[in-house]
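Next up: some structures, all given as structure tokens.
What follows is chain A paired twice: with chain B in the first complex and chain C in the second.
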Partner chain A sequence: MLQLKALHVEDFGPFKGHQTVKLSLQDGVTVIYGENMRGKTSLLNAVRFAFFGKVIGRGTKTLSLHKVGNWEQAARGKFGFQVQLEFRDEDHEYKLTRSCRPRNGVTTPSSDDDYVVDYYLEKNANVLGPQQAEAELKRILPEQISRFFLFDGELLQEYEDLLSSETDMGRRISEAIERILGVPVLTSARTTLLRLKEKSEHREATAAQGDHKTREFGNQLADLHAQRQVLNEELKRLEGELEKMRSQKASLEEAMKKKERVAALLDKRDTLERLLKEIEARRGSKMAELQQAMAGAWCVLLVNPISDATKVLRESELVLQNNLMRAEVLHGLQANAASECPACLQKVSPEARKRIEASIHGASDKERAEKSRELAAVRRKLAALDQHAGAGRSDVLRILWDAVEEAAVDHAAKQSERDEIAKQLESVDEESLRKTKADFESTIRHIDVLERGVAKTREALDQNKSDAENIQKRLDKLAGANLGAERRRRELFSDLHRLFDDAVGAYREQLRKRVEADATRHFKALTTEPEYAGLRINDSYGLTIVHQDGADIPVRSAGAEHVVALCLMGALQNNAPLRGPIVIDSPFGRLDRGHTRNIVRALPTMSKQVVLLVYDDELPPDLARNELKSKLRGEWRLERRSARHTELVPRKD
Partner chain B sequence: MSSATKQKGDDQFQSLLDTVERLRGDKFPQLDSALVREILRMHADAGAADGELARGVEQAVECHLTKEG
Partner chain C sequence: MASDKKTIGITKANAAALAGLVSAGRFGSELDAAKFAMAYAIKLGLTGGSTDGAETKWNVGSVDPDGSMRSLLEALCPEGAEPYRLAEHLMNEGIKSLATKLGASGDLYETLFPGSP
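Let's look at the complex of A and B:
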């Protein structure tokens, strides 16, 4: 088992000069206390840098090494840093030293390119060669599974993704879990046997081509194998590309998650800007309507005189209209003596005609034309008065004015909101955020294309295999010179491949049961909710809380998520052949006192060596001492000297 | 190698072997148990590159076929 003995840091982050933290080799927990910004994450990163040459910021983003060196030293012109880790593994003593120094000739480095990262590994006081050192480190702590040993408590949230088969982060964690549990032993055996099975099929096909009885089948099989090789290569290429894209998607997802709030603000600002434009257009059109309406607004003052004049004119119009009509009818009757009355269709008697002639006496054509002109003039006046009466309607003006006012108020409110958001976004690199979003969308599209390509290639491969099997069956009925030996070889590889293929599934199932049982054991010790009965595992090693009535608890808090993730960690440590220290940064930040107490008490059962990086409020020293008792192997404190200088000192209070 | 770690590694190998052996007995009794164990051991030790592993397995199978006649 890997056990850390001491960590020496020199000018790493806030740790100015050479400083050391010693860790006990006895089973138990070491607690390192430090308030915010004192260097807890830097300390975790120092271990990570020693093993893998990487420094990770909050989340999973790799940090620039240029920014890792101590700033006070850099201000004095001293750049670079070094970490040395002393550890024991399988009864051997190791000393791993990794440094980051400015390149020769660079006096004032400005980027990572100006540095050289170098390391050497001593095993039992002998320095190992580079290849041997690399192989030893990969064996002792492979980077792919380091997430189960060195982690930021905040990132425990990621384990929620295991519950969804959709996320790439979940897939990555699931793969890492299988790696630590030893599944790759079986999957790699299966891959080897598949390759050898295909090779033996090819050999059999070649042998069949050499015999005249079986030549035709041999040729067909050889063609199918050649085609399969091409398809396999294409599948490998597509899957490689897909893996790369999924990994890129997971990183972009992570980056977007961190910028979620900013992205939401940007979206809101964009929406507000669109709305502002719409309001401006609406206000503009209402203003134009109002201006037009205002041109006749003076008419409001003349409403009464206009109304009186209209009344008089309407009466006059009526009189004139009646007179004119009467004159027209009488003239019509006079002009046509035999005609009937147009109203009652009765014949007009001579007496009646006499009366008509008396009535129209004196009403000449000229007079009728005069009356007609008079009527037209009255109607023109009425039309003019009507127009001014409409233009002067105050209710229409009020509605328009209110609409303009309302638009102005709405505009001012939205503008103020937009300005407030703009202020919050002042220091945000908007371009980078937009680029991340665009990259994410393009990656999703690319993944979709690749997934379809993979599915299509697999389909072609299945068809190829089925065709080959059919030919193989027919070939099996024939005997040939070398065919017997090749057939036996092919059948053996085929059986071996099927055996290991079945074994992968069966072993995974067993592992899931064991991990579920161990995680449940830890969970019962950690949870403060008596009604929770345990955890249920899914195909991706995601764990769901189960109530005592057998129902799943569908939604859980961030704190519960941490508890479940820690249970998984404990279960993995218990079931993995590779065991090591757990170094956790801020593990209790989201937990209440009850859960914190339970976890602290259970930590020694999860791993033989645990290092906690905490602040006093997160884990009060008295609580740690009371719960851990003799399992508390050391207490250290990160003491402030300045904003850029922290000292590692044993805690004695 | 510390006894605890070695024990743990051995336990895991045994667990893998138990799974494979159970399936072999149930579904592939015609397969040789020693050959299956050897293939599994090669992959559990896994220091070798893919190509070397394949060669090792191929040799083991050839050996087995020769013995069988």
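Let's look at the complex of A and C:
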């Protein structure tokens, strides 16, 4: 079992100069405390760099090595870094040293190309040759399963993908789980036996071709074997390409995730452009309506003068009308002297007649005509006043005006938002973003085509096998020269292949049950919810929380996801043939105190050696000491010297 | 009445202000803006006078196709014997006043809807 003894870092990240953290080989937990930006993730990366020569940033993206060296040293012209890891495995002592130094002749490196990464491995104080070193490292900690030993607590969320068989991440984790559980030992053996079985079938077919009684069947089988070989090669090619495409899809997804903010900005800008066009059109149509209505706006200003003038003219009209009527009546009376008064129907007395004549004297025909013209003029003016009083619709004008203004304000606001976004996008390579998107879509299409190709080829292979089996059955009824020995060989490999095939299924089933049982045991110890009864495993090793009434809990929080993922980690460690230390960065960031307490207490049951990289608020030292007691094997602190310089010191408070 | 004008014009000095009113976008034509200016002058209390040096812009037939504007002016400004001459004067004076009042903004809102928020 792999156990870490000491980590020496030199100019790695914030760790300036040579610094060492020593780890106890006794079972238990070492806690390294450090506030944000002090270098917790760098320490995890130092272990990763020692084993695999890689440094990973937040997320899963590989970091540029040029950026990993200590900045203060780089400012002084000293570039590069080194990590040395002392560990024990199967009672052997190892010292792994990996360095990243500027290439010969490069004084001021500017990119990863300016560096050389080199390593050597000492086993029991003897330096191993490069090939032996590589083989040893692959055996001790294969990179494909490193995710179960060295991990960022924040990435535990990824394990949720195991619940969906559709995601590439889920598929990859599932494969890694099978790898750590040792399934490939069986599956590789099964593949080898399949090849041997096919080879023996071919040999039997060749033998059958040598005898005239069996030649026909031998020829047919040989053809089918040849066809199968082509199909197998095609399947291998398609699966290889599919794997490549899936990995391309994953890195494109990663790239798109990184550019998510920019993509969202671009989308928003495009939406704003569209909205601006719509507002522009709305504003244009409202403006046209307003301009049409503004032809009568002048009448709105005249509402009061028109009303005043109307009042005056109505009075004049009344006076003129009365005057004219009176003149008309008097004129009628004079013209019909003997007749009665048209108003009272009485005889007009001589005195009254004299008064009428006197009045008529003042109302000549000419004067009456003048008054009549005057009245007509007043009425014409009144008609004009009436006409224009109704022409000015202030309310309609205001509605239209406000609509135009509103559209203008809306337009200005959207335009300013658009301009702000455009400013943020100034240095963005839109073309590259669009290309990433297009590549992603094309990769998905390609994957679809390849998947259909794989399915079709498998179908053809199944058909080929079925045809071969039929012919084989007929051939089995016949005997021929050398056929018996080849037949026995074929039957042996066939039986062995079937045995291993069954064994893979049985082993997987056993493993799932064991992982489920161990994960449930951990879960019961970790969860603070008494109604949760345990975990249920699916074919991809995804774990679902089960309520005490037997129902699945369909949705879980980020915190619950963390707890479940940690249970899976513990269960894998318990069941894997290959065991080792767990180094976790920020494991409790999403967890409440109750869960943190339970997990700390349970950590020693998950792995013999655990290293926690935490900050004080995430795991208060008193809590760690109380819960771990004698299992607490060491406490270290990342102490700030400057923004770019951290010192690793034993914690003594 | 026989000597009243057959055309209506705008002085050179007011032509730019009139164009400014129209370019602010609210009026569909210079004639609409000129009529508005005329009404504004009446609202300010102007009821008589004439403008010299106006350069012909419109025939009265285009300005007042049904003669109702002339009747209106006769009703509102009874002392004016020549309504179209008066209309021309009021338009020019109104343009001048509006240009002073509105300045560069050309915002008629307050003029059209006084007391609005």
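Here is the rule we use: the second predicted complex is superposed on the first by the 487 of 653 C-alpha atoms of A that agree within 3 Å, B and C clash if a C-alpha of one lies under 4 Å from a C-alpha of the other, contacts with A are read in each partner's own complex, and residues count from 1 in each chain.
Here is the rule we use: contacts are C-beta pairs under 8 Å (C-beta built on N, C-alpha and C of every residue); 3 or more make two chains touch, one makes a residue touch a chain.
The shown structure was predicted, so the numbers you read here are calculated from the model rather than taken from an experiment.
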{"item": "Touching partner for A:Pro577 - first (chain B), second (chain C), both, neither", "value": "first"}
{"item": "First, second, both or neither for A:Arg195, with chain B first and chain C second", "value": "first"}
{"item": "Contacts of A:Met37 with chain B and chain C, given as first, second, both or neither", "value": "neither"}
{"item": "Partner chain in contact with A:Met325 - chain B first, chain C second, else both or neither", "value": "neither"}
{"item": "Which of chain B and chain C A:Ala369 touches, first, second, both or neither", "value": "neither"}
{"item": "First, second, both or neither for A:Ile306, with chain B first and chain C second", "value": "second"}
{"item": "Residues of chain A defined as touching chain C within the complex", "value": "287, 290-292, 294-295, 297-302, 304-306, 309-310, 313, 377, 380-385, 387-388, 394, 397-398, 401, 405"}
{"item": "Chain A-touching residues of chain B, taken from the complex the two chains share", "value": "1-2, 4-6, 8-9, 11-12, 15-16, 19-20, 22-24, 27-28, 30-31, 35-36, 39-40, 42-44, 46-47, 50, 53-54, 57-58, 61, 64-65"}
{"item": "Residue ranges of chain A in contact with chain B within the complex", "value": "1, 89-91, 135, 182, 185-186, 188-189, 191-193, 195-196, 485, 488-489, 492-493, 495-496, 498-500, 502-503, 506-507, 510, 576-577, 579"}
{"item": "Chain C - residues contacting chain A, complex", "value": "25-29, 32, 35-36, 38-40, 42-43, 68-72, 74-76, 109, 111-113, 116"}
